[in-house]
Amino acid sequence: MRQAQHTLTIATRGKGLVEFTAEVRQWVRTQGIADGLLTIFCRHTSASLLIQENADPDVQTDIANYFEDIAPETRDYVHDTEGPDDMPAHIRAALTGVQLSIPVSGGKPVLSTWQGIYLFEHRRAPHHREVVLHLIGE
Amino acid sequence: MRQAQHTLTIATRGKGLVEFTAEVRQWVRTQGIADGLLTIFCRHTSASLLIQENADPDVQTDIANYFEDIAPETRDYVHDTEGPDDMPAHIRAALTGVQLSIPVSGGKPVLSTWQGIYLFEHRRAPHHREVVLHLIGE
Amino acid sequence: MRQAQHTLTIATRGKGLVEFTAEVRQWVRTQGIADGLLTIFCRHTSASLLIQENADPDVQTDIANYFEDIAPETRDYVHDTEGPDDMPAHIRAALTGVQLSIPVSGGKPVLSTWQGIYLFEHRRAPHHREVVLHLIGE
């Protein structure tokens, strides 16, 4: 049994979903671990992780619109010193989560055909987001 | 240290929660791993996983009703080519998640008495849903 | 490769977030495992786990207020025999989740500076909540 760890940096262009399935797949493929467990952890409280359909980009638009409405900037927040988009960002991250674990088989995460791995940026400004990958197996 | 992996297929009858705690417990019990970590991964973007109370079935009704209201079919979605229940299904899956990890002790997941493991079907039509189980430990 | 498991009991004072990052860090530090994967599992269906900003306590207030509004006690629930705060508690737990996994490096969870680990109590009354920690690595 072995393990490996790696940090990806993902550039975002403000609010929205950024797919990074290919980067994850490539890292997993090169670790020499055929079967195991992959964990992805986002080191931020105003960005989160999602597995979602990557076939139709409209799905990403609808998801982004939905979270704009369900945790709006216009709500009256106590915490407002970091801008109107900061507290909604924390709430959206709480609703979607900052960690994913995916079994690995034959050197690949067991995602189905249409499942993509996304970083969900919740701030208006572009950011560089750190995502830690951990793989254990043999 | 050892690991094991298995795919369960869960039949759903359209929208609603399907408990599969017994199937998970049985598989874990027969792997010869007393202590470790169990991960459950749903290979779909319109169904998700939940740990919820399995004492009173009314809880499942209220949860299903709640998600009908919070991510309604009647909302105006851009992605609507797969039916009015498809985009709400993606949103409900984003809000609840497709993966669970549970420590295992003495050959059993450390669930409490009333915690059950559920597949949450978000589409109207019955489906067969694939859930991958991964267990690592000794 | 080794593993360790431990149960923390967290006292809550009714609804709200209780940070227990320090207890988690201390337990991880004393297991003699430098690199690995930490999993935290909440054995309840009316309390949940969150990673959130621990810099400004107002963030916790806004999060608590938000979940009061989004899954209110005043909604009409079928399951109402355990008090008006019980069914909203189950829904809030479904929205936030009962499990977190965090890679460990150099004997520490790879949390960023402002990420804290919280138990989110959803019931009005104070409770003692059991949280199981599992660590695997070497």
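Observations, loosely collected:
Labels for the chains are A, B and C, by order of writing; each one numbers its residues from 1.
The criterion applied here is as follows: a contact is a pair of C-beta atoms (placed from the backbone, for glycine too) under 8 Å apart; a residue touches a chain by one contact, two chains touch by 3 or more.
Bear in mind that the values here come from a model prediction, so they are computed numbers and not experimental data.
As for how the two copies subunit A and subunit B face one another, under half of their interface residue numbers coincide.
The rotation relating subunit A to subunit C, fitted on Cα atoms, comes to 120°, given as a multiple of 5. Chain geometry summary: the mean Cα position of subunit A and that of subunit B are 20 Å apart. Contact with two or more other chains is made by residues 1, 37, 70, 95, 97, 101, 136 of subunit B.
Considering their complex, residues 1, 3, 5, 37, 39, 41, 43-46, 70-71, 75, 77-79, 81, 87, 90-91, 93-95, 97-99, 101, 130, 132-134, 136 of subunit C touch subunit B. Those residues of subunit B lying in contact with subunit C across their complex are 1, 35-37, 50-53, 56, 58-59, 61-63, 65-66, 70, 95-97, 100-103, 105, 110-112, 114-115, 136-138.
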